[in-house]
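Before we start, here is the structure in question, set down as C-alpha cells.
Letters are used for the chains, namely A, B, C, D and E, taken in the order the chains are written, and counting of residues starts over at 1 for each.
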Amino acid sequence: MNRGNKILKVENIDKNINNKQILQIRKYSVIKGKFNFIIGANGSGKTSLLNILSMIDNDYQGTIYYKGKIISKKERNCELRRRFSVIWQEPYLYRGNVYHNIALPLKLRGFNKKIIHKKVKNISQKIEIDDLLEQSVYTLSGGERQKVSIARALVTEPEILFVDEATTNLDEESINFFNSHFADLVTEEMTVVMVSHDRRQIKELADRIAYLKKGKILSSQAREEFDFSQLGAGICSSIEEIV
Amino acid sequence: QDRLILATTTSTENSGLLDELIPPFEEIFEVRVDVVSVGTGQAISLGANGDADIIFVHAREAEDEFIEAGYGVNRRDVMYNDFVILGPPNDPVGISELESAVEAFSAIANAEAEFISRGDDSGTNKKELSIWVEAGVDLTESWYIEGGQGMGASITMADEREAYIFADRGTFLAYSGEIDLEVLNSGDPVLFNPYGIIPVNPAYHSHVNYPMAMAFVGFVTSQAGQNIINNFSSYGEQLFYPDAISSENLVD
Amino acid sequence: MNYYSEAFREAFNLIITLDRELLNVVATSLRLSTSSTIIASTIAVPMAVIIARKDFSAKKFFNVILNTLLSLPTVVVGIFVYSLISRRGILGEYQLLFSSTGIIMGQTILILPLITALVRNTIFSLDEKLYKTAKSLGATKKQQFKLLIMEARYGIIGAVIAGFGRVLGEIGISMMLGGNIRGVTRTMTTAMALETNKGRFSFALALGIILLILSFTINFLVYFLQEGEHYEQR
Amino acid sequence: MNYYSEAFREAFNLIITLDRELLNVVATSLRLSTSSTIIASTIAVPMAVIIARKDFSAKKFFNVILNTLLSLPTVVVGIFVYSLISRRGILGEYQLLFSSTGIIMGQTILILPLITALVRNTIFSLDEKLYKTAKSLGATKKQQFKLLIMEARYGIIGAVIAGFGRVLGEIGISMMLGGNIRGVTRTMTTAMALETNKGRFSFALALGIILLILSFTINFLVYFLQEGEHYEQR
Amino acid sequence: MNRGNKILKVENIDKNINNKQILQIRKYSVIKGKFNFIIGANGSGKTSLLNILSMIDNDYQGTIYYKGKIISKKERNCELRRRFSVIWQEPYLYRGNVYHNIALPLKLRGFNKKIIHKKVKNISQKIEIDDLLEQSVYTLSGGERQKVSIARALVTEPEILFVDEATTNLDEESINFFNSHFADLVTEEMTVVMVSHDRRQIKELADRIAYLKKGKILSSQAREEFDFSQLGAGICSSIEEIV
C-alpha cells in the first residue's frame, strides 16, 4: 500500500487510565476508501481506539496523522471532526423527536431548513424510519434507536465513517440492508472504520482487518491474508504479536 | 429632582405622622423625601456613614454622642410624646394604683410578673433600662424576657404572654385594635419621650444634601410644621406634642 | 382570630380596585426579582458547567464552598453589599444605596450559589455519552455548550425558578439595601414586613396572597412554555 | 469603613473565648435547622417520588403549585403559623408560640416545597430503565423505593443541603415565631438582625462569618461521607 | 404438547399506547424447560411482550396464566417475579461497582453476606468478569456491561429466564460461551424465553420459535417445523397469520 492511501495513521499510542493500560499501539493506519475492520474480544480497547481515531478523545500519548500531516492536539477541532461521523455502540439520542436528532448535525453545520428537511427525509426513507420522525426518542424500540443513530451519522455524508457495532439490536433484514448500503457508500469515496463481532459482516464487507488484544494490535492485514479459522476457534488463538 | 434621605426609627414611621408632615414639605421645596425607617442604632449608623442626609430619632444620649463625634450639626427638638407601661387588663400586680414608673417597675419585679423587654438598644429600650436602674432591680431572673424585636412585635409578644411591657404610646395606639393589653401606668414625668432631628454634618460628609436637610429642619420646627404635628391624631388621640415653638404660637 | 377571611377580602379588594400603590409595589418586586434572576442565571449557568465538567485542583473545595453559600443569610449579604455601596464604601460615589441597583446586587449575590449548585447537580446527572456524541456530531465548543444546556434545560429551568422564588420572597436584602422607600424601593415583601410591624397582619397576608398569585401565574406560564415539548415524557 | 477586619477580629474573639451566649445561640440555630430539615426531608422525599412517578389527574396543577411555593416569603409562613399557634389560634392551648417547636413548624413548611421540588427534578432525570430493572430484580415495593432513593442519592443530598442552608440562613420565621428571646429562641440569624438594627454591623458580620464557618464544616463532613463512594465518577 | 408444560400463557392480549397498537395476541404459551424464542423485525413488539410475560408491565388488556392459574393484576407481585430474571436489551446498571450490581438481587432477597459473596464469586468466575468486580460500572466497555447484566440475572438461579438480545455487544467467544452455558442451565429445569436476531443462536438453541410481526404472532412452532429459509429471504415473507 502506498503512503497516499493512509487517510488516518496513529503511532506510538499509549493510553492509561488510573494506571491501567487501555491501549498501547505502535502503528495503525486507516486506508482510504476501504472498510477497515477492528476486531477483538470484549474490553480489548476497540471503542477506546475509535475514540482516538475520530479525534474525540485527545487525552493520550502518541501521534496522529490525517492525510499524511501530523495533527496536533489543537488542530483536532470541530472543523476536522465535521468530516467524520461516528455511530456509537450505545447511541445517545437527544431529548426530542427523531427528526430533531437526525437534523441535528446539519443544524450544527448551519444548513438552511429546506436543505435539512430534504436530507432528513431522504435518509430516513432509505433507512425506513420515516414513519417515526415525529415520535419521541424515549419511546423507540432498541433497533429503532440504533437506526436513528445510523441515519444521524450518514446524513452528513462523512469522509470517514466510524462504526462501533452498529448492527447491535438490528434485525436480520436491517443488517442485510445496512451491509449493502455501506458497500454502496464506499464506492462514493467514503472510508469506513468498523468495529464488529459479526463474522458474516466481516466476511462480507471487510477490506482490512486489525485484530486487537488487551490494548495491542496483534495483526493488521488485508482480508485475503486474514485467517478466519482463528476466530472460530475462539478469538484469542496463537497469533504472533506483530508490533 | 432633589432628593432628601431621612433615616428614622420604625415607630416614627409606623405612627403615620410622616405621611402628614412630608408631602407639604415636598411640595414647597420641590424635593423628594425618601424615608428609611430602621432600628434606632441603625438609623444613627446610616447618618454616621453619610448614607442619610438627616436623622429623626428619639434616643437623647445617642443623639448627643452623634453630635459630639462630629457626624451631625444643628440638632433641634421637634416634639415629644410619652412612654407607657402596658399590662393585661386584670393587672395582677396592681401597677395602675401606683404613682411613679419606678414604683411600678419595683412592684413587677417583686411579684416576679413576666415582663417583656425589647433588648435592642433602641431609645425606648434605653429609657426602660434607666428606670430599672433607678428601681435597683436585678434583671437576670427568668421573669425578665429580652425579646430583641421591634416595638410592635414586642407588644404582640407581651399580649400573647399576658406580660407587662414598656412601650411608646404611638405604637401602642397602632396596635390597640389587635390586643388586650391596656395602659396601666403613665404620666410620670420620667416617661417623657423627646424626638430630635439632626442634619448630617456637611463638614464631615461633603456630599450630603445639607441645604435641604436644614430646610426640612426649618419646616418641621416652623409654625406650619408644628401645627401639623399638633393636629395629628391616630385612633382618636393626639400622639405627639410639638415643642419647637411655644404653644401659644400654634394655631388650631 | 380570623385573619384569613379578612386577608382574602382585602387581597380581593386590592386587586379589583387596582390599587395604585399596590401596582407600584408589584411592579418593583417583579422588576427587581427578574433582573437579579437573569443576571445571576447568566453567571451561574456557565459557572455550573465549568464546575461540573472541568477538572481543576481546587474543585472539591469549591464544591463545599458552594454548598456552604446556600446558607448565606440575607443580613450577611445585606451588610456585605452595604459596606461596598455605602458612602464610605469603595463604590460609595455611585449612590447605589437605597436604589434598585443596590437591591439587585444583593439579590444576585444571594441566589448565585443556589442556581449554580442546582445546575451543577443537574449536569452531574446527565449521561456521560452526551459529550462524546456532541463532539462527534461536529459541534463547535459553543455549540457543545448549547447542546449541553438544551439537554439540561428542565433542570436549569427548575434552578432558575428556585432562584426567582428565593428573591421574590426575600426581605432582608430589599429592606437593608433598598430602605423600603415608598414609591421607590418598596417591594411586596418589605411592604408585608412593614404591615406586620404595624400589626396589620391581615393586610400583610393579603399582600402575601397576591404575591403567591403572581408567582403562580408566572410559573404557570413557564410550565406552558415547557409543555409544548412534552414535559412529562421524561 | 473597615467592617471586615473588625468583623474578623470580633468573630475570632468570640470563637476563642467560647463566648457562652454565642455557644447558646449556635446550639439553638443548629438544633432548629437540623430538626426542621429532618422533618421536612422525611415528608418531602416520598412526596417527591409520588409526584414524579404517579399519574394523577391534578399532577400538572400540583407541579405548578409546588414551583409557586418556592417563593413563599418567610413573613407569610410566619403569619400563617402564628395564626395557628397564637393564644387565639386553634393550637393555642399548646403554647407553641415563642418556642422552638413554633420555629420548627414554620421552617419545615418553608423548605418542604424546596426539597420536594428539587428531589422531584432529580427523579425526573433518572433513566426510565431503572424502574423496570428494579422490578425484574425482584424488589418489593419498599425495596423499589429504596433502590430509587439510592440511585437518586446525590440529588437528594443536594436537595437536603439546599433546604438546610435555607433554614440555617432564614430570619423571618425565627424572628416572628420565636421572638428572638435571649437564651431561649435567639438564633444566629435573629441575633444578626438584632445587631444590624442596633447599627453594630461588624458584630453582625462576625456572627455571619461564624455561621458560614459552621455551615462549611457541616458541608465538609457531608462531602467526606459522600467521598467514600467516588462522588466525582458521576 | 400437554397442558402441564405451559408454564406461562397469555390470552387475548391488547396493548395500546396513545392509540397506537403495540401488541394484539390471541394466544401465546411458554413451554417449561425449553428455549422459547421470540423473533421478529425491529419494532414488532418483542420487548413489549417480554415486559408482559415477565409481569413487569401490567398495563394491558388480557389474561396471563402461570402454571395453569390465572394471575390477577394484584398477584403479579415481587414474590412471583423473584422466580424470574430478565436480561434487558439495554442493561441498566446501578451506581457503584460490579460486585454491588451482581449482588443486588441476592441482597433484595435477604441472603446473608457470606452466601452472597460465594454466589457472586462463583457466577463472575464462570462469566470471566471476576477481575472487574471492584470496577465502577461507568468505566466498563459495552460487552463488559452486558456480561455484568447477565451475571446479575443468573445469580438468582431463576425458574424462568427472559433474555432480550443478551448477546448484543458480545464478542464471538463470549457468545459461544453463553450459548453453551444456557444449554447447561436448561437441563437444570430452567425455562428460557429469548428474543434474538442471531440466526446461529436460534438454530443452535431454539426449541420453539414464535414469529412476531407488527404486534401479532404470525406463527409459534417447534424448531423442527420452523422454516428457516423465510428468514434468509427477509424476515417478513409470506406466512399465513395463524391466530
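Just so we're on the same page, a residue touches a chain if its C-beta (ideal position, glycine included) is under 8 Å from a C-beta of that chain, and two chains touch if they have at least 3 such contacts.
Being a predicted model, the structure only gives us computed values, none of them experimental.
Chemist: In this assembly, which chains make contact with subunit B and also with subunit E?
Modeler: Common contact partners of subunit B and subunit E, which must touch each of the two, are D.
Chemist: Which chains, taken as a pair, are joined by the highest number of C-beta contacts?
Modeler: Greatest number of C-beta pairs in contact occurs for C-D.
Chemist: Specify the chain most distant from subunit D by Cα centroid.
Modeler: It is A.
Chemist: Indicate the whole-number Å distance between the mean C-alpha point of subunit C and the mean C-alpha point of subunit D.
Modeler: Taking the mean C-alpha position of each chain, the two centres sit 18 Å apart.
Chemist: What whole-Å value do you get for the distance between subunit A and subunit D if each is reduced to the mean of its CA atoms?
Modeler: One centre to the other, that is 50 Å.
Chemist: On a C-alpha centroid basis, what's the spacing between subunit A and subunit E, in Å?
Modeler: So the centre of subunit A lies 29 Å away from the centre of subunit E.
Chemist: If you look at subunit D, which of its residues touch at least two other chains?
Modeler: 1, 86, 127-128, 176, 196, 201, 234
Chemist: For subunit B, what residues touch not just one other chain but two or more?
Modeler: Those would be 38, 49, 150, 153.
Chemist: What positions in subunit E touch 2 or more of the other chains?
Modeler: 90, 138-139 - these are the residues of subunit E that touch more than one other chain.
Chemist: Of all possible chain pairs, which ones touch?
Modeler: A-C, A-E, B-C, B-D, C-D, D-E
Chemist: Can you list the residues on subunit C that touch subunit A in the complex?
Modeler: Touching subunit A from subunit C are residues 127, 129-130, 132-133, 135-141, 143, 147, 150-151, 153, 229-230, 233-234.
Chemist: Write out the stretch or stretches of subunit A touching subunit E in their complex.
Modeler: 17, 40-43, 46-47, 89-90, 139-144, 146-147, 164-165, 168-176, 197, 199, 231, 234-236
Chemist: Subunit C touches which residues of subunit D in the complex?
Modeler: Result: residues 1, 3-4, 59-60, 63-65, 67-76, 78-80, 82-83, 86, 88-89, 114, 117-118, 121-122, 124-128, 154-155, 158, 161-162, 164-166, 168-172, 176, 188-189, 192-193, 196, 201, 204-205, 208, 211-212, 215-216, 219-220, 222-223, 232, 234 of subunit D touch subunit C.
Chemist: With touch defined as at the start, can you tell me which subunit B residues reach subunit D in the complex?
Modeler: Subunit B residues touching subunit D: 38-46, 49, 119-122, 145-150, 153, 157, 160-161.
Chemist: Spell out the part of subunit D that touches subunit B in their complex, as residue ranges.
Modeler: Against subunit B, the touching part of subunit D is residues 1, 86-87, 97-98, 175-176, 179-183, 186, 190-191, 194, 196-201.
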